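Each structure below is given as structure tokens.
The same subunit A turns up in both complexes below, where it pairs with subunit B and then with subunit C.
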Partner chain A sequence: MSELTLSTYKSLLRSLVRSAKHNKIQQLQQDTKKQIALLTYNRIQLVRQQQEKGLDAMARSKVLKQLSAVGKKIEILKTKDPLKSKELLFYSHSKHLKDIVLSLKDDPRSLQHLKDIAAFVVNQSEYEQLIERYNPGLKMSQEEKVQKTANKVGLQVPE
Partner chain B sequence: MLRLSRPFRLVSPTVLSRVRCYAQASPLGVDHSIENNLQTETNRLSKTLTKFWEQVSLEETPENVTIKLDSKPLRTPLGNPLTLPQSRKLLSVMVLNEWSNLPSLSVKPYVLPLTSLVSRCIDLEKANEDGVDPELVAKIGGNREKLTEGLLRYLDTDTLLVFSPANEYEGALRKAQDELYLPIISGVEKFLSQINKDKKEVKLQILDADLHGLRGNAQSGETREVAKQYLDSLSVWDLAIFEKTVLTTKSFICGLLLLLNKSATVTNIPELQVSMEDIARAATLETIYQVERWGEVEDTHDVDKRDVRRNIHAAAIVAFGPPTSSK
Partner chain C sequence: MFRSVFRAAPSLTRVSGLRSGFVKPTFSSASRFYASSSLSKEEITTRIADVIKSFDKTASATSITANTQFSKDLGLDSLDTVELLVSIEEEFDIEFPDKVADELKSVGETVEYIASSPEAN
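What follows is the complex of A and B.
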């Protein structure tokens, strides 16, 4: 790879990573939410087992151990900051992309094309962010929408 | 729960939010494709607007690359697998990127521009094969002839052929138009003359507000004929890309510039060698001067600026590379 191609490739990777960040954070947050919900369900199941009568001491201590392990996992997930995730710093298909870039001809036309791809990625993500900013309703959940609509006419949704 | 009575057509590329239509027949740039209930991934996404897959991947064979959702190939609205030739590998990575970057749960209709354009290319190609079901052609909103006819109308009122009065914006806009448009116009005239079968020189009719005042613009029959020759010479993929560019820029010439710079048919006319940013600037030149004078309107100018550029670049990404194996 010539130096010029390398620097163009690097800046393409940079814009790919940067523009994906916004969506990645949302993905990570939703993932964490899902995991927490699953673990909470596990915990409820364990608590139920624990309350069952006729459980011998061995089994009870085992359930207790599991319970504290699940509790710990939930705590860790809750304190995890998606903004600090290492996933945000990498482009996940970089090896594949690199192979393709290497197979390209080393001419100005291909270089310009890599720059155009970077420009596309940047413009697309900026466009998405602007649309989101000017249409806050897009991001809201259904409950939030109902709540805000009710508030607008002086009503409140029952808890 | 709030439901949309008619869901967004997520992957139909011809959807344009604002379409200007004049007293002519039917408006252009409107999605004429008929909604269908084929069980394809793209349709499912456009109807439910929710993420229903876990993994996106690429499957490569010696000739093709297919984008897969959870081990099933991604299919276009008309049910064709989203398969790209090996020569468009870079594009396949970008489509993969689009799908793997979707923020889950609620998918917005504007986040898949590449998938939408590629789907259009593939579906249009299938709809133009010989002996195809006329229903299929109707579903995609007309075949090649209909498309060509619609696109030719943009040459009459091309953004790059209309010049503003010299006294507007202290002459600054007209000066910029002269500098930017005139070389391109003469380059296009040269190019069209080169491909003209009759070997005659082709002239483009411009609309100068100072000379012609307020009236419509129309090209001569000969010019239209040559322009039609050019469109007929394009592969179906290039035609779909051309359509996307023309609908974005409202300019036939911009479509020509994009293909000549990105697709396989490279031109040797120096005036026609422009960057994608140049095309975007030429297409929005008047807006640039309006913003300079009156200020930028939030939620309009800033959004439109990105919209034009993302669409032009999306078309460029799909266009890049050698033509597909079909004609």
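What follows is the complex of A and C.
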């Protein structure tokens, strides 16, 4: 394998992994939030079942077991740190990328082009980060915006 | 009206003067946390092993030691090795220079390099 092929593949992968990281973290956070919400709903349902009258001992113990299992799951999800996820370290479509690079391995011009694409991806994601950093209002929710504006003039939004 | 303030002032300075006499500067004994590479080699090895395990192209799920070779033991071709190295770079937040990356053929060598680079975390 020629040096250029390897370094092209490397810079492409590196740029894609890095630029996807930010979004992946957010997605993972949202996913865990959703799962926690679903489990909390399950728990509420179970508690309701438990409080029903006319439940025999067998069913009651079963519900209790399910309750503790759900509680454990919620705890695990809450302690999970999306930043530690190994998913962030890999690019999910690397096989496709590998095929592309291999098909172009005798064509230094195209490889150089791929390298340029990698550089573009890096710069574009950096540009997006800067835009976000200099315009913090862009990704705030409406609620957050109202709250911060109120704080700015010395008021507080009622809870 | 201001008498109380004036009276309070000299006593304050006296107190602070006393204090500076007694209190020894403690910051000199504080440990410095930014010393080079705080990672132990075992920790690096386990983290690399975790990365390799979550890499879906590895051939065998055998235990990973310092002697594990990327191409022989894990069955990776050169492009896959590059991919794995990129993942390891991301895990430790460093960047292998191209020359170094070509030399890294086994887990042990990678651990050595990471342990010697101060930015790794």
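The rule is simple: the second predicted complex is superposed on the first by the 156 of 159 C-alpha atoms of A that agree within 3 Å, B and C clash if a C-alpha of one lies under 4 Å from a C-alpha of the other, contacts with A are read in each partner's own complex, and residues count from 1 in each chain.
Definition applied: contacts are C-beta pairs under 8 Å (C-beta built on N, C-alpha and C of every residue); 3 or more make two chains touch, one makes a residue touch a chain.
What you see is a predicted model; the values in this text were computed from it and never measured.
Asker: Between subunit B (first) and subunit C (second), which does A:Ile100 come into contact with in this model arrangement: first, second, both, or neither?
Answerer: first
Asker: When the two structures are overlaid on chain A, which partner does A:Lys78 contact: first (subunit B), second (subunit C), both, or neither?
Answerer: After superposition on chain A, A:Lys78 lies in contact with neither partner.
Asker: Kindly classify A:Gln27 by the partners it touches after superposition: subunit B alone (first), subunit C alone (second), both, or neither?
Answerer: Once the two structures are laid over each other on A, A:Gln27 reaches subunit B alone.
Asker: For A:Gln112, decide between first (touching subunit B), second (touching subunit C), both and neither.
Answerer: first
Asker: Applying the touch criterion given at the start, work out whether A:Leu130 contacts subunit B, subunit C, both or neither, answering first, second, both or neither.
Answerer: Only subunit B; A:Leu130 stays clear of subunit C.
Asker: Of the partners subunit B and subunit C, which touch A:Lys152 in the superposed model: first, second, both, neither?
Answerer: A:Lys152 contacts neither subunit B nor subunit C.
Asker: According to the stated criteria, A:Lys53 is in contact with first (subunit B), second (subunit C), both, or neither; which is it?
Answerer: After superposition on chain A, A:Lys53 lies in contact with neither partner.
Asker: Hey, what residues of subunit A end up touching subunit B and subunit C alike?
Answerer: none
Asker: If you look only at subunit A, which of its residues touch subunit B in the complex?
Answerer: 16, 20, 22-24, 26-27, 30, 92-93, 96-97, 100, 103-104, 112-113, 116-117, 119-121, 123-124, 126-128, 130-131, 134, 138, 142, 145
Asker: Can you check the complex and tell me which residues of subunit A touch subunit C?
Answerer: Those in contact with subunit C are residues 1, 5-7, 9-10, 13-14, 17-18, 21, 86-91, 94, 98, 101-102.
Asker: Okay, in this complex, where on subunit B does subunit A touch?
Answerer: Those residues of subunit B that touch subunit A are 1-2, 58, 89-90, 93-94, 96-97, 100-106, 108, 110-111, 113, 262, 275-277, 298-299, 302-303, 306-307, 309-310, 313-314, 316-317, 320.
Asker: Could you list, by residue number, the parts of subunit C that touch subunit A in their complex?
Answerer: Within the complex, subunit C contacts subunit A at residues 50-51, 54-55, 78-80, 82-83, 85-91, 95, 98, 101-102.
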